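One chain, subunit A, appears in both complexes that follow, with subunit B as partner in the first and subunit C in the second.
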Partner chain A sequence: MKVVYIPKLLVAAFLALSLAFLASPAPAQGPTPTDDEVNRIAKQLYCPVCESTPLDVCPTEACRQWRDLIRTMLADGKSEEEIKQYFVTQYGVRVLDEPPNRVLTYLVPGVAILLGGLLLLRGFQMWMKPSGTGTAAVENQPAQDPYVARLEEELKKQK
Partner chain B sequence: MTETSIPAPRRGVPIWAQIIIWVFLVGLLVIVALGLRRAQQGTVQPGQVIDNFTLPLFSGYELDGKSEVHLTDLRGKVVVINFWASWCKPCEQEAAEMQQAWLEYEPTGQVVFLGADYVDTEPEARVYLKKFGITYPNGPDLATRISQYFRIKGVPETYFIDQDGVLKYVQVGPFSSIDQIRAQIDPLLK
Partner chain C sequence: MIANFGFGVLFITFLVTLYSVFAAIYGDRRQIPALVESARRAMLMTWPLLTLTAGVLIYLLINNHFEVQFVYEVTSRSMPTYLKVTAWWGGQAGSLLFWSWLMSAFASLVTLRKWDRDREFLPWVIVVACVTMAFFIGMNVFFENPFAQLYQTFEGVKPYTFRPPDGILMTPDDGRGLNPLLRHPGMIIHPPMLYLGFVSFVIPYAFAIAALITGRTDDRWIRLTRRWALWAWLFLSFGLVLGGRWAYDVLGWGGYWGWDPVEIAAFMPWLTGTAFLHSVMIQEKRGMLKHWNMLLIILTYDLVIFGTFLTRSGVLSSVHAFAQSAIGPLFFTFIGFTLIASVALIIYRWSGLRSETEMTSMLSREALFLLNNLLFMSILVVCFWGVIFPLISELFSGQKVTVGPPFYERATSPLFGALMLLMGVAPLSAWGHSTVKTLGRTLWKPAVAAVAITVLLFFTYTQKIGALIGFFLVAFVILVTIYEYWRGAYARQRSQGENIFTAFWNLTGRNRRRYGGYIIHISMMLMAIGILGIEIFQVETQGTLAQGESLEIAGYTVQYKEIASWSDAPAGVNYTRSVIDIYRDGKFLGELNPRIDYYFDSQQTMTIPGNRSTMRDDLYILLVDWEPVSSTGATFKIYVNPLVNWLWLGSLLFLAGVVIAAWPEKEAERVPVTVRARVPQQEQTPSAAD
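Showing the complex of A and B:
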């Protein structure tokens, strides 16, 4: 019976190659993201070329490229925030459906409208009242006229 | 008991508050008016001195080995800045002419072509540049700052800036021949 000896060097090489294969890092790209995953982010973005059309439903070539880019970035493991930040850096803050600083964005016009409304209300109130002719009843105030004062004293005595 | 008629004290919004409110409202109106005016304006007009801007450049498309270019560094040269995008079909009509013109003027050292890639993705932009064999400096118009400054209405648009930084000509839409490009550059060369 013929015995076939496998050289030790060959075995070592085989083992080394197997280990190297097992130890090799997994590919960076994950599974291809679905359209829903892409559109979840795309609908929060607007391409400056097609204003007022969200990216998820925009039919232009530019928007298709953006959606492809979102898909690639998702596959690369980027988070939603990272992707949105990338788009803001590349194309400006106007690509976002909601401005980042919501407090200031809504507060400033809100305060302006409120102040304007108050001013108008006050203006109307003053306009409706005859100006400068207002009277006020002043009671229990000592009369300036000595005759009236004396008359009041007499009346008090009679009571 | 008596009732005396005396003028009622007039209570109103304090004068300082009125001033603040009016200043605020007028300021808001000015902002709205400026926004509307800007929206109705066309591109920047010839004769205007163009402010400095910085264009980052794609690797492989640098200018003299620099990865970004500042307009002020190009004083003394004619600058041709072309806004384009890979998704823009009319841009393809002039791509070859632009490159041909660049090859013609680059050896003179007096003219610099810059491509500003507008609202584009880099992989697609690179495919476009390779497809048309474009070699002049190109880079993304980050955050659309440069295109907003020039108030471009679309792509392609090309701006010719003279040696002193003054805008001399605006081409809206594609060039149909290299002669059109020459006709704008040659008079600017001293």
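Showing the complex of A and C:
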């Protein structure tokens, strides 16, 4: 019988590697995420099927499965952004609770409000008298018909 | 047979409204008073005709005539009678008919008043009211017939107004039943309240158009419709609050407002309506903003139609669904036509709407009211953009997006904050003129007191900046308003010798609009406390508990005791009801019973929360219906909503405030005055005092 000599160094290295492998934690198998952790992410996503329904409160079977998927992905060590991106890739940007293009989303109403403000400022300039200071009394509302105008004239004379 | 009769009456009503429109126009143009009177009487006839139509529909609903498509869709045998009646507005066709019925009632009420001074308005008020009515009735007649019956044909079972040649009338054994979510009391009252608000706003709009057409561009039309606008605003406000309460009670997400497009659709006319109620005061007091007030009421009217359109046309599910729906393009066309025609009238009367006075100060009340309008319009712009942006995105890029609460909350919070600040400042500014000095003199005391309250809250309640700013503004507004109220009562007490309570009472009675308005402002601040509480301080958790197990949240201990499930066959419901014991600091507070109701007819569930309410907070517990319940455990979602009941309390005070503001004024008090006048010897000239 032929004898095979394996170098001691090689055996030691093999044992060390085996021990390291056995001792290291199994990848992507953390503790089961809680309902609150799942809902924290599900709250930021909308059901791809139902209208205007956040994923954390959607009662359908499909939504339950999507929440289970979030739980699995969390247990696998995925981050919040990665999970959201996964849903976007699968179902489109409509699953997000805000459009991804924030600039356009906020710019249009922002500009409209600014224009409204400028319009109001212009209106103030048009309506204001040049000397708008002092303690001017409140102006009376102009009379609407001749009888009332005469009435007010008479009252003024009697003062 | 009965259904055909109902349709016949509906069709006749449509013809009568058309007659009314043309008779009023022709009678006015040709100066034929008898024809205008005929138009008025025709319009008065629409209400009994529509009542008869509605009566037929209700008869069909109550008596299980499932061969009628609408009855089949919204009722079932197991529903109690009162729910079958309210199912009238539980579906599209019925709710359009309900809209028309309310419109005819209000139009009739308006035309029954005395028209002596305002005769020239009458034909055009009739025209606008009847054009609106004709539109809604026309949609029922031609597109959404509530009396369409189900026929079996070679192409399957379909609804038809008249029997098709190869059709056999089909009567299902039972109906689909009303969506369980709509069987809540809040949902029973919410649509009628909203529709009351929507429809009432048509009246001021009709008068505005009449004013433009006739050239009566003074504020007469505003004075005539002031109470209409206020009541419309009350109904709309209450409709929104009831919708919020319904959402809180049955939708199962622990909130009252989700910035859902349908919610926003009803909110938008409220924004312009509120701006309008403030802005018309400027026209009445100072003769200014005539163009703007016209534009505001036109915008309110079209937003009312737009709101009805958004909830009925299917456009929100998809812009393509809009194109496929029959009524979507019709609504769109009607809105476009009325908006363009109304704005064209403003342009036609532009010079006649010129301001009569000028502004003297940027801190005057009219200037601050204008700022108020800017803020309301800004919130409107945010809401409108949030609603249409998904449609625009789909139309132009093919990509569907969702605009959810984060956008609305971020964009509107500073605007609401600015509005609150204005609510604190404006009541103390004067019409015509105010300076920093005069305003500062009156504002500093409430401002300092509000700061003191905020500092106290910082040390005792919260360090969150957003909450502290909100509470400061709430305290500021309430203190300013009470201060204003007190100043008036104190002055009255000194001059009239009344005690302070009588002075308060009489002061309110003497100027109901003003002091009713102050009560409304205070009520809004109470609602703001509730909103701040739930939005900033809400905590939630979800967990599966075995029987006897408990969990902790926000100082409460919640222990799951037991669960039971049983069916009520006559009612067609299966109940799953849990028992939860509540403790705080070891002390037993009571038992809650969150449950799940499963409706056999519609195969849908409704989650009913167990809710313990105090002014401090709500402990709100849901039995989560999408997780299986077993003998080992049940899943609960628990919310603690601090201060939320201030929202509902505020809404009750709001109701009182609007009633006070809208109540007819008392006669002017008679106060003895000494007058010196020279009386000529020969003859006595009547003086202006006569």
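The working rule: the second predicted complex is superposed on the first by the 85 of 159 C-alpha atoms of A that agree within 3 Å, B and C clash if a C-alpha of one lies under 4 Å from a C-alpha of the other, contacts with A are read in each partner's own complex, and residues count from 1 in each chain.
As a convention for this text, contacts are C-beta pairs under 8 Å (C-beta built on N, C-alpha and C of every residue); 3 or more make two chains touch, one makes a residue touch a chain.
Treat the numbers as computed from the prediction; the structure is a model and nothing was measured.
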item	value
Comparison of subunit B and subunit C by subunit A residues contacted	C
First, second, both or neither for A:112, with subunit B first and subunit C second	both
Which of subunit B and subunit C A:46 touches, first, second, both or neither	second
First (subunit B), second (subunit C), both or neither touched by A:122	first
Partner chain in contact with A:54 - subunit B first, subunit C second, else both or neither	second
Which superposed partner A:89 touches (first subunit B, second subunit C, both, neither)	first
Touched partner set for A:35, first subunit B, second subunit C, both or neither	second
Touching both subunit B and subunit C, residues of subunit A	60-61, 92-94, 109, 112, 116, 132, 134-139, 141
Residue ranges of subunit A touching subunit C (in the complex, touch as defined)	34-36, 39, 46, 51-52, 54, 56-57, 59-61, 63-64, 92-100, 105-106, 108-109, 112-113, 116-117, 120, 123-124, 127-129, 132-139, 141-142, 144, 150-151, 153-155, 158
Contact footprint of subunit A on subunit C as seen in their complex	218, 251-253, 258, 260-262, 284-288, 316-317, 355-362, 367, 370-371, 374, 377-378, 381-382, 385, 389-390, 393, 399-407, 411, 430-433, 435, 540-544, 605, 607, 625-627, 635, 675, 677, 687-689
Subunit B partner contacts - residues on subunit A that touch it in the complex	47-49, 60-62, 65-66, 68-69, 88-94, 109, 112, 115-116, 118-119, 122, 126, 131-132, 134-141, 143, 148, 152
Residues on subunit B engaged by subunit A in the complex (per definition of touch)	1-8, 10, 12-13, 18, 21-22, 24-25, 28, 85-87, 119-121, 123-124, 140, 142-145, 148
